């Protein structure tokens, strides 16, 4: 790592660390925690959208399935946290492995539609398979776990836990970005045909990306379940998938910081701005339109270009 | 009257200073009511009426309850469980409300159930999920409206004993609220000699009810429907489109013929019998004033969603009165509300059972055309109905919660 | 027997409704390559316009036309102001059309409130038709007929007029069309108008069956997507056949496999797409 | 007897009823320089696409160095020694020249991107990539992004990416397209320098360069082989005139 990169990472760590100090109350820290969890979800989706050029409208599956995994294992089978978490991650990743095989039969809009349909099937299953999921009543968790001797019930330790995982996710995805695999994945995004002609197994590259996205999505799903201590079909719904997509595109697909920024902006509009503006839904729509009109590639690249332009 | 947010933020600065200096509520501090409702998205219809009902109730009280000023803080849950939880946190932790009213939907109520418990926050619910006042009742939760099964019990009894239906089809939204109503109906109807011969479950997001309507057996005595929101209205329309209206009687559960959709349903609605703990046509002074106010301020007749907060407000008022206007001791306030006996709410008399659910009148209503508009005329009153109907509480609770398949339907025909 | 006849009629009638919903979406997607996620919202807007006009006692078909024109106009503005500069930026288009959908939905809620609004069919078309002893709603047959007429007119427009020839050329190869001097920008506006117009008319004609209510947009959009995916993108016969297939799957699926009612549309779609990723009639979806 | 580098037998393919390739047979011996000519739409690039495996033929067979590859996926053909450049540039515009070639090398590794470590730590491979760039005279451009370079440089990058994989059979689709006279000369020299153990099939409209380069010429029209022979034979044949001047 170069000195500059090290400094950048230190800055990220510092930024995550000062949030609990700066925020006035546990309530705002809770919102920050929600935003970071969705940031992890958006980061995972960005592997597909930004790096792989595969627009998925069914990413809520990897939020909801592991969340249900945590809830069912904890509440119905009484498993302890560590095996529960491992199981939920494995469940979400395995789902991605299977759904990836199905969705990658197509590309472009076909891919988008298969992911959407699979998401709707899982949503329907959650609604209907009442014995397992509790239907629309969902499953309530009896509290946050104690992991490695640390009780995550309070806002501060849970925030730190989530922030640590976000930091890990950022670092892993940064590594991915710089790896040979990352280069191949971007290659399949820009020139799939050429990639084949260079001897690459395009399908396997995409499928691996799908599974990776599923894994990191599952990480956010586990955190989501512990955060809200409740899971219902809403976690698997199309609006949830669309929201994740919007976070990625709003912040800037293909950039590392974009999904995080997108997640923070959308969470802020939904939870904070909505307290002051009745028509926050319109405001959210306007935000999308304005961002795309002014910065077609998203907030992070747009602002970066603007800053560069001012310096020059 | 809902205070504007900006005003609230300004006065909130004062409140924050108070919190910092650790002073307990000032003697002249207003009671802050956190109101969770849905103002955006597909569920907003009921949510907007909830807010209107609450606003009107407070307006009619001169924005004072038991002599104390009221600050109403409204939060939009957007019909999402995750947002509901965040908004509940906002109201409790940031706005430091003294009592919560709402939220609208069962899954929203369930999403905050544990939070309300750990925060020991007095909550007056309106959502119908049975178990929130049954097997998983909470000391911090009370529901002045009804459980999903509560009204269905009554109309099932009415259908079997007064309408003398023997064979019925039941149809409802395929989610917990529909399941619970239909299960309650089935139990009481069959315990009183009727037979449910067909159960149909359209999914919540059914684009069209034609396919379901055309499956209804043509040899049943009547059809019972338990729908929420606009689904009841759309089902009724399809029922008449397919020529079943007038041939097979249609009766409805708690929200199937809600005042919110009564006018839109038009001629088709006339004659439909349903059960609810409320009717805009219920005749007592409190309700007369309330209905007139809704018509004046919002040009609508109040229904389930508007009346719920008005009843909750009456409960809160009664609790505060019992404490001489005090509300700072949450435990005392909750206890006072749950032991209150209210005689003159918009739904008539109401009190709570030991699990926090309302015991009150259930009205059998029939849609009639009066003065050019549809009204739910009360044709029979079941007084003091509890969520357990006539069953013994212990026996009732020993059985599983009402669901899609419980109690089992033994008389289905293919 | 009666079951099969009635459900077949249901399927056909719903197919007609779905065609009105999805033809515009398919056109816009086929020519402009814009996944117009505001299409459900435009359909809902048409229904609300229709409900308002009908409440003021306008003739039903006139109301459908006026609503269609109104929604079509909004579509043109949307295309010209927001979407034209995003050509080729699919993610931007997704974001903008979803943003527009949010705004339309929220403004509808603001304007018309949350309660459902009925749209009455013309009185003469309301009574059930009796077919061999059982009743079938007459208006649904009208919708079916109307959809078929629309399909025919659209087919004539696309196959028999100069405008249609240009549109087809644009669908087949946009660059080629531009190079032979077809005014692609104006063509795009025309197609967007047509697509939005169809959504608006569909909202009114479908209104007596569906009504106008908050959430109609979200209920309809996935249906349009399913139809277009099954039928193939940008193909009018595909949209027509896809509509009837989806109508059939929905009606028979919900009746025969009630336990799968929640997934009755999407499960078959997954199966079809996995076996034939191009849809039943489609070209490669890229 | 030597095994042909490429043997195509009765290859046919049609798209929605329109025949693109009609029973093409072609034998190309190792080390050969073969030129494909024919008017636009004759099916030259379509033939390349089938040799590369972009789509599968309706009938007929393709053998690469004696092994049947008719239904193999593209990447397996590449691993057997097939390389290709495109008429329309297909590069990775957001990456540097070096990364473009690196992707090519990773692809020829066969199981490929097994390495999850950072790309920049794979120094041996990057060295190799740089050599390939030096080979086409782009040594200085290695760290520039594709989007910042000239068209002529990109054309040479196309070539470098194909050559880096050390193919045994190379398909070159109009490597001179769009180049200035000066640049053509550079590329011509590069082509001349490709060792004879690489078999080359070339599509090119610059007849001066192409005819000088080729050993054998195949004339295609309407997806069919019209005739095949040496430069002199093909030029002399009246059918060539017919095809080009319209008949």
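Letters A, B, C and D mark the chains as written, and numbering starts fresh at 1 in each.
Heads up, the rule we're going with is that a residue touches a chain if its C-beta (ideal position, glycine included) is under 8 Å from a C-beta of that chain, and two chains touch if they have at least 3 such contacts.
Bear in mind that the values here come from a model prediction, so they are computed numbers and not experimental data.
Asks: Kindly list the shared contact partners of subunit C and subunit D, in label order.
Replies: In this structure, the chains that contact subunit D and also subunit C are A.
Asks: If you tally contacting C-beta pairs, which pair wins, A-B or A-C?
Replies: Pair with the higher count of C-beta contacts: A-C.
Asks: Please identify which chain has its centre, taken as the mean of its CA atoms, farthest from the centre of subunit C.
Replies: Between subunit C and the rest, the longest centre separation is with D.
Asks: Averaged over CA atoms, how far is the centre of subunit B from the centre of subunit C? Could you give it in whole Å?
Replies: 36
Asks: Indicate the whole-number Å distance between the mean C-alpha point of subunit A and the mean C-alpha point of subunit C.
Replies: Centre separation, subunit A to subunit C: 32 Å.
Asks: Rounded to a whole Å, what is the gap between the Cα centroids of subunit B and subunit D?
Replies: Distance between chain centres: 73 Å.
Asks: Mark out which residues of subunit B touch at least two other chains, giving numbers and ranges.
Replies: 40-41, 174, 203 - these are the residues of subunit B that touch more than one other chain.
Asks: In subunit A, which residues are in touch with two or more of the other chains?
Replies: 124, 127-128, 239, 281
Asks: For subunit C, what residues touch not just one other chain but two or more?
Replies: 105-106, 218, 261-262
Asks: Pairs of chains that touch, anyone?
Replies: Chains touch in the following pairs: A-B, A-C, A-D, B-C.
Asks: Touching residues of subunit A toward subunit C in the complex: what are they?
Replies: By the definition above, subunit A touches subunit C via 49, 55, 102, 105-110, 112-114, 116-118, 120-121, 123-125, 127-128, 238-239, 242, 245-246, 249-250, 253, 279, 281-282, 284-289, 291-293, 296.
Asks: Looking at the complex, which residues from subunit A come into contact with subunit D?
Replies: 175-176, 178-184, 186-187, 190-191, 193-202, 205
Asks: Which stretch or stretches of subunit C touch subunit A in the complex?
Replies: That would be residues 29, 35, 82, 85-86, 89-92, 94-96, 98-103, 105-107, 110, 218, 222, 225-226, 229, 233, 259-263, 265-267, 269-270, 273-274, 277-279, 285-286 of subunit C.
Asks: In the complex of these two chains, what residues of subunit B are touching subunit C?
Replies: Against subunit C, subunit B makes touches at 40-42, 44-49, 174, 200-203, 205-208, 210-212, 214-215, 230, 233-234, 237-238, 241-244, 260-261, 264-266, 300.
Asks: Report the residues of subunit B in contact with subunit A in the complex, numbered from low to high.
Replies: Result: residues 5-6, 9, 39-41, 75-76, 78, 80-83, 85-87, 89-90, 93-94, 106-107, 110-111, 113-115, 129, 131, 174-176, 179, 203-204, 403-404 of subunit B touch subunit A.
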